[in-house]
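Shared between the two complexes below is subunit A, which has subunit B as its partner in the first and subunit C in the second.
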Partner chain A sequence: MLKLIIEKELREIIGSTRFAITFGACSVLLLLSFYVGARNFQISMEQYEASKREDLRKLEGVTDWNMVRDLRIFLPPQPMTSLVMGVSNDIGRTVEIRGSGELNGIESRYGDDPIYAVFRFLDLDFIFQIILSLFAILFAYDAVNGEKERGTLRLTLANAVPRSSYILGKMAGSFLALAVPLLIPMLLGILILVVMQIPMKGDDWIRLGLVVLAGYFYFTVFLSLGLLVSSRTEKSSTSFLYLLVFWILSVMIVPRTAVLLAGRAIDVPSVDQLASEKSRFSASLWQEQRKKMSEFRAPENTPPPKMMEEFQKFMSSLGEEREKKMSEFSERLNEKRLNKQREQEELAFSLARISPSAVFSLVSTTVAGTGIHLKDLYKAEAERYQESYAEFIRGKTGQNPSGGMVFRFSTGDEEKKEPINPHEIPVFNFEKEPLSASFGSISVDFGILILCSLLFFAGAFRSFLHYDAR
Partner chain B sequence: MESTAMFEAVNLTKQYEDGVLALDAVSFSVKPGEIFAILGANGAGKTTTINIFLNFIEPTSGEARIGGVVTHKDPLLAKQKVAYVSENVMLYPNFTALQNLDYFARLGGRNSYSTEDYRNVLRRVGLEDGAHHKRLKGFSKGMRQKSGIAIAILKDAPAILLDEPTSGLDPQAAYEFQRLLESLRNEGKAILMSTHDIFRAKEVANTIGIMNKGKLVMQRTAKELAGENLEQVYMKYMAGHVN
Partner chain C sequence: MLTTLIMKELKAVLLSPKFSVTFAVASILMLLSVFVGIREYRAESNQYFAANELVRQEMREARNWMMLGNRIYRAPDPMHIFVSGVHNDIGRFSSISSWQPVKLVNSAYNDDPVFALFRFIDFSFIAQVVLTLLAILFTYDAINGERESGTLQLMLSNSVPRAQVIIAKFVGSWLGLVIPLSLPVVLSIVLLFVFRVPMEAEHWIRLALLMGATILLFTFFVAFGILVSTLTRRSNVSFLICLVGWIAAVLIIPRFGIMLAGQLVAVPTVSEIESQQDTFAKNAWDGHMKTMSEKWRKRSESMEGLSEKDRKAKREEMEWTWAEEDRNDRNRLQNEIDENARRLTEDLRNRKFSQERLAFALSRFSPVSAYQLAAMSLGWTDIDLKTRYEDDLTAFRTVFNQYKEQKQKESGAMGGIRISVDSKTGVKIDAGREIALDLTGVPQYTYVRPDLGESIAPVIIDFGLMALYSLLAFAGAFVMFLRYDVRYAN
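The block that comes next holds the complex of A and B.
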């Protein structure tokens, strides 16, 4: 009996004009998202390589490692970032490495091309979150009450059909009829990645698989919710309205409201506030050090080169001291801000998780490595790199690359120096967070999606057992 | 003593939650090879009776039985014994007539029919060959009714429930339908039919019942009514001039 009902659902859905139109639209969008993602990756990769080459070119002909300043590192494009963009376009991709001090990312994608920030990109997160959830609603809103309105439910239940089999068949049939055909554009999308030679590694394929799996769970949430609302309302127009309201709440309202509420509940000092505090502290340090500088006296009869060396050392120690104090102060402030930010994020995400759309978005971006922690991760990697870079420069010059002034005394009779080899500079490698690191949050989010599907379906099941089929 | 009736209503009473008494101790029985026609105005209780037989609602008291099975106690077993045709047959519009027949026949537990069997039944109910492969969404009401009857025939149940089956049919289709009912009766089916069509009821039914305000106010055989004008009898009962 169950098989028969599933077969009927499959045939009915796939044979409908509604399916042809929505499936066509979804397929085009999915294929487009894969193509756009792959193309974006190629362009980003070209830009990334060009920027790296340009940085090395700037160092050509430089003969003194002391003159190596403002090295830049770039966030390397990742294939998954192009498919599920998350915050990757919002964060600064370029970081100037000076050897010490605070690091800040600049040149975000949306900063460079603000037009994309207006409507955002078409990625898998968008397609699942917005399009496929609507697709699910469109097919499930009248699953039960529509059959009643058409009169087919009465005729069906006039036969010896257990209601449990019927509702199970409805759910399974609708899922198979909608989810399985979607695999076709998905597979074609994967083919696009292969044809366009996007270097997806094993880990990337697993991540893509998990995003699609999460998408299917999310889709099932709306399908089972549709079934629930449809089996608790008399008219299909009413159930469509309820589902649309739920969809708007889930996709538009709840995530934004959660962020607003968390912002209200936990006050995070702004970047401007921090910058102002740092600037005040820096000014006071300068005041302090200016006094020391004015008190600098080289021993009498010191030859000029020796005097310059002494002054250099003195300035270097002052610089180090200032950097140390500044860095400690900044670290304290940054940590305080970061802790508050974490607290705020945790609250915002916990509140937002009442929305399946927010849950899906969180899980898909975390899996793709484009979640909210991408910026922190990049910053941490950049800081680590800055340390190794500083170590390298110290090895070459014997001094800290503090970014302060360098005094050189030239007599004009030095030997002509050989140019430095810029390829000796350590290479920046960015490793995205391993999946195992976010296993906890991914599991929770998958769990929420599965639980929502089960609860909604259990509700639909129970409601249908008592449904007035007259 | 074991009952031989296929449909049995025993003091069937239904009072809704809002206090409306839809059925008031209705009793009747329909044996194999009989057609029982229930006449009555809208709201008289005809559809409530059918709904109880199909277990869409439970009686407040009394019992409805199909082939001896109490419908609200073992609805699935009871439904195996009955085929149902509604007032306005609505099948799956995107399925062809044959696909609809196949689905509902299998739903009714008949898995061994061939396409030719389906086509023969469609021919028997008067649906032209050209329509067999057409989607239901293009069908007229008469064609849909015929398809519904074909589904009932395919189920091959000993009992058939018809809810206003000739409503909206043209005279030719109604006449063909009458012939079909007679042939089904001759095959030994017990048929319980609610209708507004007094003329058709008199023509085809073995027994006629009149319902008014939830009560079965009259139940007489066709023979007993042979010399009477059924329309006048009906009007009298509906006006409450006869108890």
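The block that comes next holds the complex of A and C.
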């Protein structure tokens, strides 16, 4: 009996005009989002390569490793980043490496090209959120009360069809009729990635698979919700209205409002405040050292080159002392801010998780590596790179790279030195956080989606058992 | 006859069961967006004042003219409550220094990525998403719904001209929706007063224009719904088509247009340009170093053969002239570097500008894009905000630097640290005297917003486009209805 009901659902849905139109639109949009993500990756890659090239070019012809000043590193584009953009366009992509000192990301995509900020991008997260939920609503809104309006519900129940089988069959049938065809554009989309030679590694495929899986769970939430609402209302137009209102609230309103309200409830020290305190502390350090500088005396009768060396060492040691004090101070301030930020995030996102769309967004951006921790991760990786860069420069020049003054004493008769090879500089590699690190939050979000589906379906089940089929 | 028909449509809308729910939701959301916007504006204003106070304090604590730093923050504006545009995406401040060019850094989303994931909610967002959906919900079955319920053929069996029917549909539904929705609009304005948001005359004018644009956008979707309902026989089919059209117009076409332009017109990134500027600067400084060592050699030569006392005397005599010469050389070099930077930036801007023109032309196929662009121009948060500020700040930087140099000269103190190298006495560092700076007369920065006359041109284009689309949709509905088959065989 159950199988029969499922089969009936399948035929009814797939044969309808409704299905033809909506499935066509969904497929087009899904394919579009894969294509756009792939193109975006290619363009980002070109820009990234060009930036690196230009940055190394300014080191051409330099003959002394001491003269290598600021180096720039860039956040490398990655396939998953182009498919689920998250916050990757809002954070600074470039970091200036000097060898010591605090690092800050600058030049975000939206900041450089505000034109993209006007309407933002079409990525998998956006398309899934909008399309999958609408798709589910469009078919589930009249699952029960539509049949009642058409008169077929009482005809079915007049036979010995147990209500429980009926509602189960409705759910399973709708799911199969909608979710399985969706595999086609999904797989075609993946094919697009392969055809366009997007370099997806094994880890990337797993992540993409998780995003698609989350999409399916998200779809199921709206399907079961549709079933629930349709089994609690008499007219299908009413249930559709309620579902549409829920959709707008869930996709558009709740995530933003929750974050804004909760975000402002926690007092996070502003970046400006921190920057000001740091710059004043730095100024006071300089004041302290001015006296020391005025007292510098090279020992008598040292030849000029040796004198410059002594001077360089002196300035370098002063620089190191300044650096140490500054970084201790900065770290303390930064940590305080970071803790407050974490508190703010937790509150904001916990509230936002009322909406299944927010849950989907959170899990897909975390899986893709473009969640809000991307900024801190990038900064941490940049700091690690700075250490290896400083070590490299130390190896070449015997000194720490100084962010301050460098003096060259040229007597005019130095031999023509060999220009340095800029390609010896270690390359910056950015590793995404492994999935295991965010395992906790990913499982929470998947859990919420699954739980919601089960709860909504249980509600639908219960309501249908008492449903007035006349 | 026409007025009767219009009244009938009006009542049909107001008395329909879906009206109360949808009207309540739309009103609450509109008020919510304004409320949240006001809170954000307040928070931003506080942050702005605090930041400026910090800058003033740093300036008071500076002890050296050449090291005097300044930072200019972008001022928050009440219009951001209604249209946030790119305000949170571009940098909030720029430092004003002698060595670095002006650049807006630290956007709100960069500093606090927690807001970047879901972004802000503003009035224009609600208008684009909720109000348009509302329009469609009431008009998707304007014609074919009446056909299905049989009332259309009844109506037309009387001597009611078809033209009047379709016009009445349009006007009646429009009135039935716009008039009630003016209530939350008025309440939003009341909120502005309650929270004492400082609005000037120009703000009110722009806000009024924004509401006008919102009404125009709404009008288009009313016409669109009626059009689709005259093109289809069954109302559930017309609903699907309306929904697909809505998704395309609101969510897809705007973004797609911009992305397409981005792929058709390639523009280098800012880091590429900056690296090119750095390369030029490095080569320029290298050349400068060589000329400088030449110069100093000649100067040492000119002092050959003098006695120790004479040499000291000559050095003291020439100290000021030499310092002047060196300064002039450095300034000339800096000007060359700045000029090159300016040229590269201008080239980048031109390329970006042509990319933008294409992008907006493509995305303006959707009236929603036209609305968003008009709204941003009215709210001073369009994409030129960044270049306007940076140009203005660059001009200010020149004034500020001149002020610093002037004061530097007057005080007679040295800028920075002077390091003297002498083969006899060795290296000496003179870290300069510490002086309290007298900051009277320090140039203040005021940002001059473009007035309405300046921003109006693109706004007129967008208004025109929305009106054109509405007219076309209505004309289409009109023509189709004249030939519509009203029979409903039951």
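In this text, the second predicted complex is superposed on the first by the 459 of 470 C-alpha atoms of A that agree within 3 Å, B and C clash if a C-alpha of one lies under 4 Å from a C-alpha of the other, contacts with A are read in each partner's own complex, and residues count from 1 in each chain.
The definition used in the following text is that a contact is a pair of C-beta atoms (placed from the backbone, for glycine too) under 8 Å apart; a residue touches a chain by one contact, two chains touch by 3 or more.
Nothing here was measured: the structure is a model prediction, and the numbers come from that model.
**Q** A:Leu244 in the overlay: touching subunit B, subunit C, both, or neither? Say first, second, both or neither.
**A** second
**Q** More residues of subunit A are touched by which partner: subunit B or subunit C?
**A** The larger set of subunit A residues in touch belongs to C.
**Q** Quick check on the superposed pair: does A:Ala160 touch subunit B, subunit C, both, or neither? Answer first, second, both or neither.
**A** In the superposition, A:Ala160 touches subunit B alone.
**Q** Determine, under the contact definition given at the top, whether A:Leu191 touches first (subunit B), second (subunit C), both, or neither.
**A** Neither partner.
**Q** In the overlay, answer first, second, both or neither for which of subunit B and subunit C A:Arg150 touches.
**A** Only subunit B; A:Arg150 stays clear of subunit C.
**Q** Go through the superposed model and pick first if A:Leu4 touches only subunit B, second if only subunit C, both, or neither.
**A** So A:Leu4 only meets subunit B here.
**Q** Of the two partner chains, subunit B (first) and subunit C (second), which one does A:Ser276 touch, if any: first, second, both, or neither?
**A** second
**Q** Taking the superposition on A as described, I'd like to know which of subunit B and subunit C A:Leu454 touches: first, second, both or neither.
**A** A:Leu454 sits against neither subunit B nor subunit C.
**Q** Can you pull the subunit A residues that subunit B and subunit C both touch?
**A** none
**Q** So in the complex, the part of subunit C that touches subunit A is made up of which residues?
**A** Those residues of subunit C that touch subunit A are 17-18, 21-22, 25, 29, 32, 36, 39-40, 43, 47, 50-51, 54-55, 57-58, 61-63, 69, 73, 85-86, 89-91, 93, 104-107, 109-121, 125, 129-130, 133, 137, 236-237, 240-241, 243-244, 247, 251-252, 254-256, 258-259, 262-263, 266-272, 275-276, 278-279, 282-283, 289, 293, 297, 352, 355-356, 359, 363, 369, 372-373, 376, 383, 385-386, 417, 419, 421, 423, 426-432, 434.
**Q** Within their complex, state which residues of subunit B touch subunit A.
**A** Contacts found on subunit B: 51, 54, 56-57, 75-77, 79-80, 82-84, 86, 88-95, 99, 103-104, 106-109, 148, 151, 155, 161.
**Q** If you look only at subunit A, which of its residues touch subunit C in the complex?
**A** 17-18, 21-22, 25, 29, 32, 36, 39-40, 43, 46-47, 50-51, 54-55, 57-58, 61-62, 72, 74, 86-87, 90-94, 105-108, 110-122, 126, 130-131, 134, 138, 237-238, 241-242, 244-245, 248, 252-253, 255-257, 259-261, 263-264, 268, 270-273, 276, 279-280, 283, 287, 290-291, 293-294, 296-298, 300, 302, 304, 307-308, 310-311, 341, 344-345, 348-349, 352, 358, 361-362, 365, 371-372, 374-375, 407-410, 412
**Q** Considering the complex alone, what residue numbers of subunit A touch subunit B?
**A** Residues of subunit A touching subunit B: 1, 4, 8, 11-12, 15-16, 150-152, 154-162, 468-470.
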